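Order of writing sets the chain letters: A, B, C and D. Residues in each chain are counted from 1.
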Amino acid sequence: MWLQTSCDLLFEIAIPTPFVLMLRPRSGALQWIAREEYKIVPSLPVMEFTDNYGNLCQRLVAPAGNFSISTSSRVMTADSLDRAPGAAFVEVQNLPDAVLSYLLPSRYCEADRFGQMASQITAGCLPGYDQVAAIETWLRNTFRYEPGVSDLLLSAQEVNHQPSAVCRDLAHLGIALCRSLCIPARMVVGYLHDLYPMDLHAWFEAYVGGRWYTFDATQYALSETSRKGGYVALGYGRDAADVAIFNQYGPAVFPIEQHVTVQLCDSETD
Amino acid sequence: MWLQTSCDLLFEIAIPTPFVLMLRPRSGALQWIAREEYKIVPSLPVMEFTDNYGNLCQRLVAPAGNFSISTSSRVMTADSLDRAPGAAFVEVQNLPDAVLSYLLPSRYCEADRFGQMASQITAGCLPGYDQVAAIETWLRNTFRYEPGVSDLLLSAQEVNHQPSAVCRDLAHLGIALCRSLCIPARMVVGYLHDLYPMDLHAWFEAYVGGRWYTFDATQYALSETSRKGGYVALGYGRDAADVAIFNQYGPAVFPIEQHVTVQLCDSETD
Amino acid sequence: MWLQTSCDLLFEIAIPTPFVLMLRPRSGALQWIAREEYKIVPSLPVMEFTDNYGNLCQRLVAPAGNFSISTSSRVMTADSLDRAPGAAFVEVQNLPDAVLSYLLPSRYCEADRFGQMASQITAGCLPGYDQVAAIETWLRNTFRYEPGVSDLLLSAQEVNHQPSAVCRDLAHLGIALCRSLCIPARMVVGYLHDLYPMDLHAWFEAYVGGRWYTFDATQYALSETSRKGGYVALGYGRDAADVAIFNQYGPAVFPIEQHVTVQLCDSETD
Amino acid sequence: MWLQTSCDLLFEIAIPTPFVLMLRPRSGALQWIAREEYKIVPSLPVMEFTDNYGNLCQRLVAPAGNFSISTSSRVMTADSLDRAPGAAFVEVQNLPDAVLSYLLPSRYCEADRFGQMASQITAGCLPGYDQVAAIETWLRNTFRYEPGVSDLLLSAQEVNHQPSAVCRDLAHLGIALCRSLCIPARMVVGYLHDLYPMDLHAWFEAYVGGRWYTFDATQYALSETSRKGGYVALGYGRDAADVAIFNQYGPAVFPIEQHVTVQLCDSETD
């Protein structure tokens, strides 16, 4: 499907403030960027670099006053997610070098503390894809999903004591559980078609059967083998610390407006 | 200045043919990409990766039949090039690690064979920027610049025996001469405003005084300290082997149409 | 000074177990490796790769039975640590791209929760080196340093509630405090001459005044401008999650013997 | 087999001269470094970095006077080379990203000029391994191999006009021929057991059947499926420009002594 995404942010800046942004989606195995816009007002110098995870990051210093960022993209992405029940666990010695770091615990995914719990949740599952699917189902059944954004970033351990969770929380806990089983898992932030209420979204990917698969405990499975697609990734990383759509340094600044849209398009250019 | 660039390519493909393309400009120290489009007809899967030089490369397999690529971008770039007469030669031991590979000879820049000639051309110059400026001037005065594209890629040694040269040839010879003086130099391909006749363009950069400076023997110096700008880079590399806007594998295929435009814009979005 | 270091590990393995080891020191800005040995018994295939932080990592699958690793190195390192009171805070916009990730919170350094505390500890300090020095002094004065290894890896938040701490704990808390002030900080594991009791050691580095400086709250300052050296780094990373000297996957395995030595040598080869 | 290698270089330096050396072998898929020494006299600061090809490179400035480098290593490497007649050609679209650059022409391997010749040499061969084996055989039968080092680095085109060739020449021509058939090929420099006369050596690797295979036209095939091993790699790259064991900048300096040994050992530590 072709999707048109947009994300507009407006800040009121008190003193010149350095930002690192992650708002430029990249073409990859799961999506193709046919058009993309990135507008900053007022106009100012921006540097771009590629981080350790392959994300394009924009560096700038926002001046005092109103500061706005408007981005949009036209993206081809899959109508439905790939599912692979039975896809095998990849033994650690056979993982590609670049995947190994996704086994380590990270700021919001204390994988080192979830071994026993993960074993219980996945008891009886074939190692690999089926374990991750069981974790996803457990997350969906255990937490009341509350769309929206919480102010405070919670770690998997903290999430585990709450009755409800935002998308990011469920991803963090899912990742921590996967890693504790030696399944590489990573965080993705981006857009999702038909998300309600519309906003930026977070989900996770797990590496089984020799590739990354998408999992999202906030969405319902249509069936064992069919899952709604419409995902557009902005960034990949170990957890939310790596894939903030903006990191800002100095006194805290929050967007006074944030507007996100995702629209289905008939074609690449309509 | 804001420029609107476009590059359209049309191929007639006999058998399915793998391509690696380099047609997505990146934001960097010298340019900011505010809008960008990349359209492929027929639509097909494309993978993108970042090469050793930081360029975004698109991989695909073109099917038999007509195959077209249409790209465009809206870019902020400098009105005039930075000039720095007197900027110092950076001793090799003080070069950043990542710059060292631009001292080595490469396919079309046989730096190992130009030591004596470079010394003669730059005799009496202060080491650094002034040597590169002398090389640029020598290139401009020595070769009849013939706009357009030659079919055969010539190396610096081959160019050196010709009376005339295309932009790529002059860049190759300039790079070879710089490197033979231990000045890192690299090739850039991209767009140039007001180039006549309009086409893709090639120039080179040299690392002196702690940064990269742009040089282009095909353009006239307005004065010692002022040079026309309007450059938009698509790719950086050691020489033309690294920065082909398309590499295609299997029986040779040439575009049956290639159309390039660069237009000056009043603003980011007019 | 020339140091001879060694680290010998002996494991009793129940089932074939994949390991990723980080036991090969690299030559760098602060140390030169003149000789190095890495012996594995029984002999088996080992792959080596460079991780995101530049560390050399060894991958292997240990077979069931006794499994030993013996490493040693002859290293030139500084007699005393560089000190730089007054060295300036580097504004975020001026940090090298590769340093930015050391500002982010990480598994054991919840920098996002220490802003207020760091401000209090460093009240009145010049931004930069002096802030880090104040943090180091505060750590030294606040915690009872307990040499040795704790079984459980604690995060900075957890450490902050304890009266005593191992070297790794102090590094984690120091790093979290630095990052909360927008000072990049990273974990180092390795060897330290004259450490008592002898063992592997952990400390941290902070990026101020345009370079990395070493800090270690477990050691006494000889004076404002003089600090004992003798450090040999094995690995660099965000925190202990990145620089484990071994990561092992599957049922937990601990060394049944671990022996570390660091000896002062008269020369490179005595 | 366990090999003990050494390479000693002695220079007489007139003025302080920057060097980049590539004399530290790395453990990899085909070799394991159990012990390694790297001695520089006089002692001086050395920096080490990893280049684009994964090689460890040492940077230093040699002072005026005598300057010597002594390196040695104890290495496990295969007794015989892997052979794989019939191993398939990997279509370009299926090559890993990191392998693509080994298809490009380079300084000493003008792959863009060898298409027709490569087709003739490999006429009738199955695409893939068998083509490379045919090229290797053709090189062996066509050129008189002259052990030793030629002063001038020749490119594949230049080699092709000579009756005799050193090891490096044969590797360059072999690489150019492979690449012209869309088979990735790279240069390796290092040590070879039983080479006569003993010296540093150069050979090449080609990527077929999903991995790199070693080829060396200077050595005789024991049979279709058996080839003498004993190779120890120091560096990998596109061609000799990337894998010089030393690059030196400023007025040319040549070793006044160069001594290389490779000895078979009974074990890791005898």
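Here is the rule we use: contacts are C-beta pairs under 8 Å (C-beta built on N, C-alpha and C of every residue); 3 or more make two chains touch, one makes a residue touch a chain.
In UniProt terms, the chains line up like this: A, B, C, D = Transglutaminase-like enzyme, putative cysteine protease.
Quick caveat: nothing in here was measured; it's all calculated off a predicted structure.
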Taking a step as a move to a touching chain, how many steps at least join chain A to chain D? 2
Quick check for the class: compute each chain's Cα centroid; which one is farthest from the centroid of chain D? A
Could you tell me the distance, in whole angstrom, between the mean C-alpha positions of chain C and chain D? 36
How many angstrom lie between the centres of chain B and chain D, each centre taken as the mean Cα position? 31
Can you check how far apart chain B and chain C are, centre to centre, with Cα atoms defining each centre and the answer in Å? 43
By the touch definition above, chain B meets two or more other chains at residues none
What kind of graph do the touching chains make: line, ring, star, complete, other? ring
All pairs of touching chains, please: list them by chain label. A-B, A-C, B-D, C-D
In the complex, chain B residues that touch chain A: 26-29, 32-39, 43, 45-48, 50, 54, 56, 58, 76, 268-269
Note which residues of chain B are touching chain D in the complex, please. 18, 20, 49, 51-52, 57, 59-61, 91-93, 97, 100-101, 103-107, 109-110, 112, 153, 182, 241-242, 247, 249-250
